[in-house]
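Chain IDs A, B and C follow the sequence of writing; residue 1 opens each chain.
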Amino acid sequence: MRVIRYIIQKEFKQIFRNRMMLPIIFVMPVIQLIVLSYTATFEIKEVRLGVVDMDQSYSSRELVSKFQGSPFFKLVNFSFSIAELEKEMQKGDLQQIVVIPQNFEAAINKGENPKIQIITDAVNGSAASLMTYYTSSIVMDYNRQILMEKQPLLTATTGIRTPYQFWYNPELDYKNYMVPGILVLLVTMIGAFLSGMNIVREKEIGTIEQLNVTPIRKYEFIIGKLLPFWIIAMFDLAFGLIIAKLIFGIYILGSVWLVFAVAAIYLLAVLGLGLFVSTITETQQQAMFLAWFFMVIFIMLSGLFTPTESMPIWAQWLNTINPITYFMRFMRQVILKGSSIMEVMDEIISITVYATSMLSLAVWRYRKVN
Amino acid sequence: MKDFIIKEFKQIFRDYRSMIILFGIPIAQVMLFGFALTLDLNDAHFAVLDQAKDEHSRKIIEKMDASSYFILDRNLNSREEIQKVFEGGVVREVLVFKPGFSENLDKTASTELQIITDASDPNTANMMLNYTQAIISNYEQSLLLAHGKQVLIIPETQFKYNENLKSVFMFVPGVITIILMLVSAMMTSISIAREKEMGTMEVLLVSPIKPIEIVIGKVMPYLLLSFVNFLLILGLAFTVFKMPMDGNMLLLMAEALLYILMALSLGILISTVSNSQQTAMLLSMFALLLPTILLSGFIFPIENMPSILIYLSHIMPSKWFIIIIKDVMLKGAGLKEVWFPTSIILFQTVLFISLSIKKFKIRLQ
Amino acid sequence: MEIAISVKNMVKKFGDFVANDHLNFEVYQGEIFGFLGANGAGKTTAIKILCGISSPSSGELMVAGYNIYKNRDKVKKSIGYMSQKFSLYDDLSIAENIEFYGGIYGLSRQIIKQKTAEYIHELALESYEKMRVIDLPLGIKQKLAFSVAVIHQPKIVFLDEPTSGVDPITRRQFWEMIYREAANGTTVFVTTHYMDEAEYCNRVSIMVDGRIEALGTPSELKNQYSASSMEEVFIHLARKATRID
């Protein structure tokens, strides 16, 4: 035990002595948490809309006023030329164009089905489908209004009201969703990168040889090396949770102890990954690349930005070996929904299995003798 | 000079692990973004609390299950179960049909269908609600049509620049931007920091090679690597994802070269302020990578961010480069249309280079 | 005389390359044994095997009275090592380095304190005490590294080119430290390519292309090759080398 204490003491001294490390470990995560949480939203409001109203009738103006009244749209241009507006769309000034054809009102009066044209800038495909959805629902709303005026009896036969409830996040605040995810990201990066690079650094400088001739035991070395980063990552997690509460008003609905207990196990998996990377690399540059390679894939697949269920089967298969996915799901469940230990048992088991196997693999791979 | 560049190349290429990653990351990322990460809804699990169990409720459930957006997970028996299934995490939406759903609809012409979504993921919750409502409206309309001829305004939708709403059109420019930044800025900064850390930088500095030659020698291999990566991703975009190329290929390549130069000079600047590989890496990671992903409009639309972040995004070269790629590739823009973002990147390149030179001189004194 | 190191038919191969080709030698307790050879002759490979951080392909090894395969831990407690690469932590101070290595070898806090004071006094480091190792002159770093390598009073200390790159005065001081250590009964196993240093050793071996070509006291070797200095002996033998670093 004494030996471990000396290693840990040395590690902490080295970490805190590097003037640039402190802000990186303690300030950067905070900035990241705040900035990321504010940037990460898919919400769409104030779509920049252009209107071409060729009909200039009461009905067409009514429809246009519906768009004006909607919080989702911001009318920025009226024109009689589609080409002109399309040019503006190309410049990026317009996101959507609604074209009302000449005999729009006449068609309604004759009982025909009038057509309107909706042109959407679809470079961002998902935003485009959302914008189109908003447009269609406004048109549909207006449609219902016409029907009510014309055939009050008939319309009344079709009324499925759909009252809805958003549970756990009634305001649909995207930050609620992102904050736990980003916390996961933070502890993962701190754990995997710092630990992996730290050991490779000793290899690169040559001090590892000096350590290897000492009677230091493998487990002492590994514990001494990993524990400081385990502590730092746990500290960062606590710090992040406090910030989440103070700045974003997000607090843990479930058990705080459960969060920290599972985080403690999860970190073992991450540190094991870092250690493993360090055993198969010779330089910090290589270690960093390799850690990056895994991290980028794992993070993207983990469901940080996009739901894992929507991914293709092969990606979901890949996700079964992705530790971040489990922890991400666990954190969101417990923090946002207050899930109890039983509901997240699957995740806990997976994380534990992962931690055990990753750590054993890394310890087995780590050799003092070559 | 030539020998020096050759040495740099050898050092990079000898290390096969780095090579695999250098070319593996872009391919893996493009594939991931292209295939795995859709912001669209796909097979979202929903549950049903059907207290009516009649014609219309069954038909609506069938329609939901048949759509590609939803998949029926299970039937619930009581309201208490709703919370339980949500806490389990798989089911994200519950439809509640009250008793007499069809009867009310057919006789009193008014009925209620409650939609409860797990909004801990607000984006998905919102999409689910939208799609569910759309399915129900559709069902309503089909009922309407069955009643006889009705006036229906038919919206004809046209998606410009990306007819099939592929998210990959959005992601490819983003991935190009990230990879070029990663390879160019991050690699250069770390490789120079490495020479500093190992003490070999001083050997180079006292040699008859001029500082500018050292820098060029350091930067050349990464310039080439980045450009090859650029072509690789572009190739994938054309062949695998069928991305169009409406603008001038040469213009796009020239813009890419400019952006790479900017990233390289940024990498040099980072290396002059960091004292070890570790700090260079962490600095690059936090100062380059995250802003490149977040403040460039790559994944999240900039317009909806708080205004301070919008201002911040204006100084992100990545934002301007993404605009350039999209405009040239998807909208067929020429230099006339993209001169503004181009000149911003050009200005930044000059700025970073002069700052590095200034820093470098101070160090030598 | 007590045998500190015994090497029988030691072979180390890296693929087809034979770094150590059937080495046979013994080192006695308390002697200064010079392990000479040109660059690339296989010295560092051998020293790493003797320290237990690399495994030989075959052969029998006894270090400090223990079989190195079976009692690696016991061997490690009885040896010290100063590697060719710099082995102290640049970003820690002198005292912190001493404390760390002392702690790892299981010395008590009190002994570590005592040793620190002793080293700082002996090496006249008072003015450097608070400085980080990175800012120290190379000579002082090397002397400090040596002190740290023997902090746990090992039976054998391995020194891999300890004096490369330092000035003649520091080299002289360094050898005085080695003599002091040997006088306390420590076996010193040292590699060098300074031939004048070879003269300071009790016995030397000379390696060429992975094989030991000569072994004996400096005067024996000079007689054997009828040379006036160790340098001549070395050049005579090394001329046969085919391997170039």
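Just so it is clear, contacts are C-beta pairs under 8 Å (C-beta built on N, C-alpha and C of every residue); 3 or more make two chains touch, one makes a residue touch a chain.
This structure is a prediction, so every number in the text was calculated from the model and none was measured.
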item	value
Touching chain A and also chain C, the following chains	none
Chain pair with the most C-beta contacts	A-B
Centre distance in Å when chain B and chain C are each reduced to the mean of their C-alpha atoms	56
Whole-Å gap separating chain A and chain B, where each centre is the average of the chain's CA atoms	11
Numbers and ranges of chain A residues touching at least 2 other chains	18
Shared interface positions of chain C, touching two or more other chains	none
Chain A residues within the chain B interface of the complex	18, 20-21, 24, 28, 31-32, 35-36, 38-46, 86, 89-92, 108, 111-130, 132-133, 135-137, 139-140, 142-143, 146-147, 150-151, 154, 156-170, 172-174, 176-177, 189, 193, 197, 201, 281, 283-286, 288-290, 292-293, 296-297, 300-301, 305-307, 309-312, 314-315, 329, 332-333, 336-340, 343-344
In the complex, chain A residues that touch chain C	2-3, 5-7, 9-10, 13-14, 17-18, 205-207, 209-217, 368-370
Footprint of chain A on chain C - complex, ascending	48, 51-55, 72-73, 76-77, 79-83, 85-92, 96, 99-101, 103-106, 132, 158
Interfacial residue positions of chain B with respect to chain A in the complex	15, 17-18, 21-22, 24-25, 28-29, 32-33, 35-45, 86-90, 92, 105-106, 109-127, 129-130, 132-134, 136-137, 139-140, 143-144, 147-167, 169-170, 182, 190-191, 194, 274-279, 281-283, 285-286, 290, 294-295, 299-301, 303-306, 309, 323, 326-327, 330-331, 333, 337
